[in-house]
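Presented sequentially are two complexes of subunit A, the first with subunit B as partner and the second with subunit C.
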Partner chain A sequence: MKFAKLMVATAAFGMAAGAAHAADMATDMTLVSWGGAYQSSQQRAYVEPYIANNSGVKVVWDESSAEAVAKLRAMNEAGNVTWDLVDVVASDAIRLCDEGLAMEIDPDSDLAAAPDGKPASEDFGDLLVSDCFIPQIVYSTTFGYRTDMVGDTPPTDVCAVFDLKKYPGKRALEKRPINNMEWALLCDGVAKDKVYDVLATPAGQEQALKKLDTIKDQVIWWSAGADTPQLLADGEIVMGSTYNGRLFSVIEEQKQPVAMLWDAQVFDLDGWIIPAGLPADRLARVKDFVKFATDTQRLADQAKYISYGPARASSAPLVGKHADLGIEMAPHMPTDPNNAKNTFLYNYEFWADYRDDIDAKFQAWLAK
Partner chain B sequence: MSGHAEPETGPILASDGTPLKKRLARSLRMQKLRALALIAPLLIFVLVTFIAPIADMLFRSVENEIVSNTLPDTVAAVSDWDPKAQELPSEPVYQALYFDLFLAAEAKEHTKLGTRLNYEQVGISSLFRTSGRKLDDIGKVYEKWLIGLNPAWKSGEFWNELMRGAASAAPDTDLLAEQRARLTALTDDPMQQDIGFVPGSEIARILPLTAREYTANALFIAIDKNRDISKRGPWEAVYTALAVDLGDPEVQRAISGYQGPGSDELRAAAAAIDTAPPRDFTAAMIKVDKDWAKPENIQAIKIYSGKYTAGYYLNAIDMQKTLDGVSERPENQQIYMMLFGRTLFMSLLITFSCILLGYPVAWILANLPLRTSNLLMILVLLPFWTSLLVRTSAWKVMLQQQGVINDTLVWLGLLDDASRLIMINNQFGTIVAMTHILLPFMILPLYSVMQTIPPSYLRAAKSLGATNWTAFWRVYFPQSIPGIGAGSILVFILAIGYYITPEIVGGTTGTFISNRIAFHISSSLNWGLGAALGTILLAAVLALYWTYDKIVGIDNVKLGG
Partner chain C sequence: MAQLTSVSRTSPAFYVSTTAAAGGIAGLLVGTAQGNSLIGLILGAAIMAVTAYAVTHFVPQERIARWAILGAMALAGILLGGVAGLVVGTAFGWFFGWFIYWLYESRYRKKIPPYLTPGQVLWHHGFRVICGLIFFFLIAPIVVVMPLSFNAEDFFTFTPEMLRFDPAGYSLKHYKDFFTSSDWQHSLWNSLSIAPAATLLSVSFGTLAAIGLSSEHVPFRRSIMAILISPMIVPLIISAAGMFFFYSRIGLQGTYFGVVLAHAALGIPFVIITVTATLVGFDRSLTRASANMGAGPIRTFFKVQMPLILPGVISGGLFAFITSFDEVVVVLFVGSAGQKTLPWQMFTGLREQISPTILAVATILVSISILLLTTIELLRRRSERLRGMSPG
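And then the complex of A and B:
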């Protein structure tokens, strides 16, 4: 009896769903991002056009991406996930997927194909680093330097960071081993393709820390992406690492005497994950949104507002001018051939394994 | 029974005939209940927001069920293995590992365990992740072999009938319950729904491993995936289990007399067992990932197999669990004891500088006429009302090398431009900024205590011949001690758990233990270690409070007049 009722209800529901597809999508969406210029580029490139097409949809932003993994885990334990779509870096996406906190997606059915019909899995290619990850942008961690503090020979090589004689002054590095250890080994004569093999051994880790020791008392360690741009603008440091988009705004928007080094920039990815276990109506809405927000045009549009490279191969030719400054954005993309002469790809697998171990050594070294 | 003789000696009765004592007790109880009801919201609030999280934290710092829940049979099998022999564990360990890991990978729980064990043994995270992806390959060969023998092995219907046994066969509900429990432990899901399948007890006795894996498969598919097991062939682990079972001479003997459904196909498969691919799980697992040949990885499972572990606490005091018991961590990884020491030392320093700076201010406030002192009080409170982040960032602007203080000193010619002072991103910066931020917590209790000290006492002391200093030190100061006590406790306890200021201005030498706790909670996700560090910090504070009570006496602390 009960079962039969259920069957009827399900059948009716199915028919209704076919007739009025939009009716069973939630109207509210909570998107989680990083705040600042990056979030506003998402707002302008994805959310505003989406709302223009789907009136009545309300989007709430939560600026929690930095703690997304911890918060999502806590929400999941409490059994009340309030987020619909979360912007995270790729390594966090891998961890969320590992922990079962993010939903696995099928790129070809969940994401839009390229304009020429190429399926999404090929358009994103290698950037689909996890089964749960929907890439948006390629960004890089690279160095910026004060043009007025480096004399007549501006640095062209990442090893300038370790050259206190030629470029005296403080430098800013991130307060974590990732990237710093790689740069240290590169500048200690390790070949680029051997860096992670060396870093996997205790001797290699020692070697990297020893190299960092040579500049330790000249380093200001940052933990927020805004620190280095501020320190550069204040003239506190001669050079420092940060995300390329932050340097772009120091150079082009604030017109500070700062230039990009680009050498040995470390590519990383940022993108969306859908939390696991969303109710059907919210899931339907978020899938609809994400398919739109990661299509070729939308990803290319985002580059109008911030200097991060679109994650789709098909978006690259569509990158145009900055919406407010009116300058060509292509030369400011980390993926631009001129900037990408010598690059380094963040090794997700390696750091998933070694991050705790090397971090313990790195922090112990820092505190000494 | 004579009612008239009793009244004087019997209990005094109330108007309705109940003893008065009882009535009184009842009305008192009612009062208590009413009082309880009044404070109930607060009590519940405190329980929910304060006591429960602390209890949860304490529990998390020792909880370690994930290992035995995810790999139950491996944990059992590995207990006989002696890792010190420097040999790989025996075949049964790898066999148990395969079946445990297969189910865990299907339920997507294996990577969680990988993350957990990676805190102890580098590389396990990716070992579990790649194993989860490639584990299907092991079973595929047996599936191919069986289907090659007879296409019936592809049929979900056939398997279902085989595992149910004959219609007359007794159902084996124990096995079903056992597998439910296995899946519940693994997935944290109650798994209680009826799935319309119970394995037959005779077939379960003949093919123990197969029946077990098939039942787990049926339960998981029905409850988690909402699909009927009889619609499709089982997953690879069941084919593997059958190949293992059929290789057992005991099983072959039992099959020869079996009459239930599928018995002919079983006999045919048992007869062809020599053509089956070898059942060598050690080799198969090592082929999936060569790291399974490293004894350290199995060792980590063995060492951390208990449901509860002291491992997080040991990590939190720079020790580690090894095969030979507890030992110190390598020197290049020791950090927490130093950070605990630094946190205590710097908190004390900050408390003292607060006393030094706060005492005179409170004295002035307490001794000025009310109108002026109110004005000054606002100056004390104003920074108190400003955002913490703003104040901390302001110190950055003040103290940095291109900052206000250095610029002024250079402009005055007191300092050479090349030798600007380094006052931030070190301990000095942390102490200055935190002293400033915590100063009101010292001034306010001091002020309220000093207000109650009558000025006439000082005048009396002086009129009796005391010098200014004697009058202050012998008469005034002792009376202000309760204020110092209260202020010190407040400042010290706030300082010891401070996080944001050391993070922003602390650099590398000015960070506190709370910065590492925050790192483990929000970044490395090692909540167990974070909880252990937090618990130790809590215990340290309680111990200090106790000592303080013994030395100074908590009655000597006053927060107000």
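And then the complex of A and C:
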């Protein structure tokens, strides 16, 4: 009898505690992302299952990741941070962390462990490039080309971009020095492991710009990820760089005559940061969501909707088929061994040190 | 219109060379589409010069010649560009058939007074061509959007299927996307709830301000006017950034009311300007007469002044509504994702994924505007007719 009473009391206490815990969490979340297919993959892989488990939670999306750094600065100055979780590329996460605009996290307590019990810090490994950064995906910036505009010998290496004789026509490159300078040096005969040593010198920067000069009048400069797919679909360009997921969508979903040129693709990371200074109830909700959204299964699920590689080692074996198309996703991942024969990893340290300087030179060169 | 000037046939040098010039322009268009502008220009000029000379010399009847030109050009169109080419070719064929005889028979002089110099005749027609071109450049970008919104693919591209008028190249899926996607419906609803509220605020405040500022005894009238008009003059991005910091501190940033207030501030100048303009023609002695007959100021305002300045108030209100409905910069700053309006959704849609859903939305908005304007115009004509102001 006494025991039963104790049980009831414990259960009631437990329920009360649970209810109190839930009441401590805000019910609204504003997530910031990139829009398009990428955001809808996050919606389907993370948010929908989360809401199914936590009814009453409302999620609002803001497609502002492209200007996340500037907007977070402004919000911080105005003392009114309206975002709860922000999707940014790793280099922006590093900047936001340095400026104190993003919250530092402890991977092992804030993120879920792998199914085999391996702590999150080991499961993510090297991809935890900043104390504030919670990686989601590995994506790559690479080239796609029109299969009907390259004749009988489709390009197999990145230097085709600089070969106007063999592949005449316009090409699309991103309107910034990052990646373009590396590709230019690589195709100007610089060994891959020397690229950043050369690029650190003014002479090396000159050399890269000189190489870019050879194709400058045939280049269309893009600034939004959607530009190159549109130009390729239009047949305006013969080849162009963009994010590999965008090219996947052009090729497999839109069935355009386009193919991937994986050579010298540049890996980069994309992930979440939690803005610094959130009120306790919103912070509790966001931490709960992030722990769920970056666990092994959720990251693997995202690959059902878009061809970006999950950031956890333990997610890779779980990558299955595309949710709508039913094709195996593994061969479309930038990290697939067949695609990753020759790759770069975005050099965060180098570009943190040299970005302003090389940016200025690049912009001056563009205006010439 | 009756014939004003008796005409005679013109010399071959004149009509052949003019037709050649027109043919050159048409050839330039076709040649650019086919990939070589220069060859198009030369070929177009040559073909049209020969045609003009040939039909006027060897074909006795105008009707036969014009049908022959039409048929030949339509055939050439099919060979060059399929169904789309047929349409273009037929249009060109009709035009050139008409154009050659219009020049050859001097019809261009028929309906204008005989005393005009050749330069004045040229200007008479050149003026019409310029007006036509202005309309073309204003309307073409809007018209081009409409067929693209029925694209079966997810790009801003006229696909080969569309150019062949193949039904498979067209679909309503972007319209379906607009009506079923919660993002678009949400932002449509936001726009439709923000714009009327902002319009109501701007019309009430703007009308009152205009009436106040038009009475002579108000001190500093010009400076107050300048301050009220300033949202129209200061670059939008500056106002928006200022509003962002100010509204953040007083807790209005990211709220529905905050966006309504910001849009009202943008709409007030339009109302002030239009209402001030109508007040210029308003006879002040009417309000004195009304007061003389025992009406209070409020009654005078609603019964005497308001009905007379109503056209100004309504057009100011329309401007305020459109300002709020079209506005993207201020709402990006003052609103948060919960107040995402239609232009905001279009802006992000255009930047992050170039999806023709935007074109479908644009087409719907343009159609609604045309319908609204037509209705207003019809109503206006009807009321004029009922009041006996116009015979039609």
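The working rule: the second predicted complex is superposed on the first by the 349 of 368 C-alpha atoms of A that agree within 3 Å, B and C clash if a C-alpha of one lies under 4 Å from a C-alpha of the other, contacts with A are read in each partner's own complex, and residues count from 1 in each chain.
The rule we apply is simple: a contact is a pair of C-beta atoms (placed from the backbone, for glycine too) under 8 Å apart; a residue touches a chain by one contact, two chains touch by 3 or more.
Note that this is a predicted model, so its numbers are computed, not measured.
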Clash or fit, subunit B versus subunit C on superposed subunit A: clash
Partner chain(s) touched by A:Trp221 [first = subunit B, second = subunit C, both, neither]: first
Contacts of A:Arg73 with subunit B and subunit C, given as first, second, both or neither: first
Touched partner set for A:Thr201, first subunit B, second subunit C, both or neither: neither
Touching partner for A:Glu99 - first (subunit B), second (subunit C), both, neither: first
Which of subunit B and subunit C A:Asp353 touches, first, second, both or neither: first
Which of subunit B and subunit C A:Asp234 touches, first, second, both or neither: both
Partner chain(s) touched by A:Glu63 [first = subunit B, second = subunit C, both, neither]: second
Listed stretches 99-107, 297-305, 405-413 or 549-557 of subunit B, narrowed to the one that overlaps subunit C: 405-413
Where subunit A meets both subunit C and subunit B, residue numbers: 66, 234
Partner subunit B, residues of subunit A touching it in the complex: 66-67, 69-70, 73, 95, 97-100, 170, 175, 206, 220-221, 223, 234-236, 349, 352-357, 359-361, 363-367
Subunit C-facing residues of subunit A, complex: 30, 32, 34-37, 39, 60-63, 66, 74-75, 77-80, 82, 224-227, 229-230, 233-234, 253-254
Residues on subunit B engaged by subunit A in the complex (per definition of touch): 108-109, 111-112, 114-115, 118-119, 122-126, 129, 332-335, 338-339, 400-402, 425, 503, 507-509, 511, 516, 521-526
In the complex, subunit C residues that touch subunit A: 153-157, 183, 241, 244-245, 248-249, 251, 253-254, 336-338, 340, 348-349, 351-354
